[in-house]
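Following this line, the structures themselves.
What follows is chain A paired twice: with chain B in the first complex and chain C in the second.
Right, the complex of A and B next:
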């Protein structure tokens, strides 16, 4: 009996001790799951930019351990809502502007008419570099636009099977034609940088609107005028941004993390839209917009009167070097 | 025209060359990002099979 009493005391003491030490923990665990549990929205909103909810995995893809990354929702929303607006305004807006400009201004003619005398404007290697970069750019632009808008615009027209096959090959073309594009970009920079340094002459050219706003006005220009220099630097800067961001997308997670990858896709997409819009203006003025301009990249030779009107100082330089015919006089302009 | 065609040919050859080189030095994504236990079939196919519209796999 004394033994039983002793056991009872020991048991009681143990229970008291257990209550005393366990009570704080018990208090911590006594939350109400329905009223005080963390709501998903509160949890996601509490995570800062770049934060992630991660778990443990055993497969080699470490990024698969990321269960939730709230910034991904912003990234998805950007691609679904903001990017189409940016792309639509830039590309459709540029198309509309050019169409209006063509209707109002009309095609820019050679004021003095064609002389029939040619002057070499671009050598074969320069034209090769231009067409290498340009042809790659067109494929990259179309396949890139397909990534951004194909699901909405092309999928309903051709169906899932055709769209899937087309998108697969377009993706291959996008990935691998990026390399000759980057090569062309580097060569283009090296061969034309010396003629594209901005100068005081460009300010005058810009003040006169490049002479394209009115007939008969032709501000002096060397080999490249301010507009062409603008295109050159847009291609170089835009091309570098596209190349660098695209390089990280070609080789994902080396060394970027998922947040950086999302930022890079945004940069890649936005620059692409602006780039495409800018090149549309370049294509317009080089073909439909200006008479005689396409010959520069077509055959490499332009009419002397065209050259004198748009690049008068360059013609003088070429004539001084003996690399251009000098006898042609602009045809008289009939009085209007 | 010759210059234009030459540029196209050069671009195509460069792209194909780059694809061959990268294919040779890079691991396929199904190897890089998963273990063999996680793969349910031969890479390039799927559980549905080649014909998505067929009821026979």
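Right, the complex of A and C next:
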């Protein structure tokens, strides 16, 4: 019924007018343009861990739409307070551990002395892959440590200008050597995975502490013992974590916003500290820690007695294949 | 010396982006870099507010704390500046900055970011004041000429305030008292409140 509806409208309009004229002050107060306005305090309080206040922006840079990201303070706290502790404990701790071990245990000798007969342990391609990855790793580790701790440790020695110039080259080295490192990682995985599958012998090896704690004790091992397998898997798993997190840092913002990139740098830094500590142990046992061990990656040929003591079953396999000389010196007796 | 700050009265900001444009023009900021930007919160909804944001020149600045080569310094006025000669373009300041102020020109492959660029509060850099070398790296040094940052100076609604922190805070509080509302001093809690010296 259109007529009654228009009557109702007219009546309502009249009432509103009456109300407005009768109470002008009340009418003004009832209109609150800012009642629903956003408040910074409320937004900040409502933020969850790692969240940010963002909005819409008219420039093409989507990252610029983040207005405030308090998580930056947590990242700063990690970088300034937590990472030095993690890195210090891992690296200085490992150094101390190895020094104590060297003092207590001394250099691990070849029990039966050098036989003078050599057996090929790593072919040239394997050694190339190892040293490609290793040399990249050392430069990546040093340039990474420089970014993390250089300001405290190195900057005071050389001054801001020289340190900055050095750090620029270190950063470029870090960015570009990441690629040969990743390549080496893939090749190492492919050529050594078959010898690094954990087996029953590894349990025995671990039970006997690898024979490194007592003189003359040598649990049987194939090409790689449980300790070496541990290093292999540490390098593969650590390397993959470093590569994936590093890849996204190398190509900033492709899949990531600032929060993801903060998380990636934390992963990258923590894994790096543990990785470096692990590799320190690897370098120790391959050089200072054990007589005859460096030859494996140096010339590629190890002494037959060394091989028999540390990789008894591998030597037997090689001899069975006719690829190794059968030594005349007494065989090392497995400790079981 | 005064402790200078920025304050954006979001209830006055009309999102005209004049501050953004003025800044880019004054300092000849490289393509792709915005030292200042305007973000609209709750865009299109009742009570939306626009906030003009740049480097807030924090007390105890996070960027300075995390910089691996220590290229930041704070002037006597409380302005946080950096040396582009020392900067290695690692991106750390960007991760730590609560306001997304540090930006990097893309100069090469992979993570080869260029030297970081950010708001200088129109105060140049470590080079001698108002020299061509300073202008090329950091833009105009208006502070050396006794002028305030251009973005705030030319804000048509006087939403963006720059100057002595105590004075601009007083102006803002007066406005809030008079009109009866205010959406807050955006960024101040994050930039200045964590430190006892403010």
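The rule we apply is simple: the second predicted complex is superposed on the first by the 272 of 336 C-alpha atoms of A that agree within 3 Å, B and C clash if a C-alpha of one lies under 4 Å from a C-alpha of the other, contacts with A are read in each partner's own complex, and residues count from 1 in each chain.
By our rule, contacts are C-beta pairs under 8 Å (C-beta built on N, C-alpha and C of every residue); 3 or more make two chains touch, one makes a residue touch a chain.
If you're wondering where the values come from, they're calculated on a predicted model, not measured in any experiment.
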Query raised in the report: When the two structures are overlaid on chain A, which partner does A:124 contact: first (chain B), second (chain C), both, or neither?
Result: first
Query raised in the report: Regarding the shared-chain residue A:262, is it in contact with chain B (first), chain C (second), both, or neither?
Result: second
Report task. Could you say whether A:151 touches chain B, chain C, both of them, or neither, answering first, second, both or neither? Result -> second
Query raised in the report: Regarding the shared-chain residue A:54, is it in contact with chain B (first), chain C (second), both, or neither?
Result: second
Requested in this report: Tell me which partner A:207 touches in the superposition: chain B (first), chain C (second), both or neither.
Outcome: neither
Query raised in the report: Which partner does A:105 contact after superposing on A: first (chain B), second (chain C), both, neither?
Result: neither
Query - Partner chain in contact with A:172 - chain B first, chain C second, else both or neither - result: both
**Report entry** Residue contacts on chain A - larger count, chain B or chain C
**Finding:** C
Query raised in the report: In the superposed view, which residues of chain A touch chain B and also chain C?
Result: 58-59, 61, 64, 161, 172, 175-176
**Report entry** chain A to chain C touching residues, read off their complex
**Finding:** 34-41, 43-44, 53-59, 61, 63-70, 72-73, 75-76, 79-80, 146-148, 150-151, 155, 160-161, 163-164, 167-168, 171-172, 175-176, 249-252, 258, 261-262, 265
Requested in this report: Provide the residue numbers of chain C that touch chain A in the complex, in ascending order.
Outcome: 10-11, 15, 17, 20, 32, 34, 37-43, 45-51, 53, 62, 65-71, 83, 85-92, 94-100, 110-113, 180-181, 183-187, 189-190, 194
Query raised in the report: What residues of chain A sit close enough to touch chain B in their complex?
Result: 58-61, 64, 124, 127-132, 135-136, 161, 172-173, 175-177, 179-181, 183, 300
Report task. Write out the stretch or stretches of chain B touching chain A in their complex. Result -> 3-4, 6-8, 10-11, 14-16, 18-19, 32-35, 38, 52
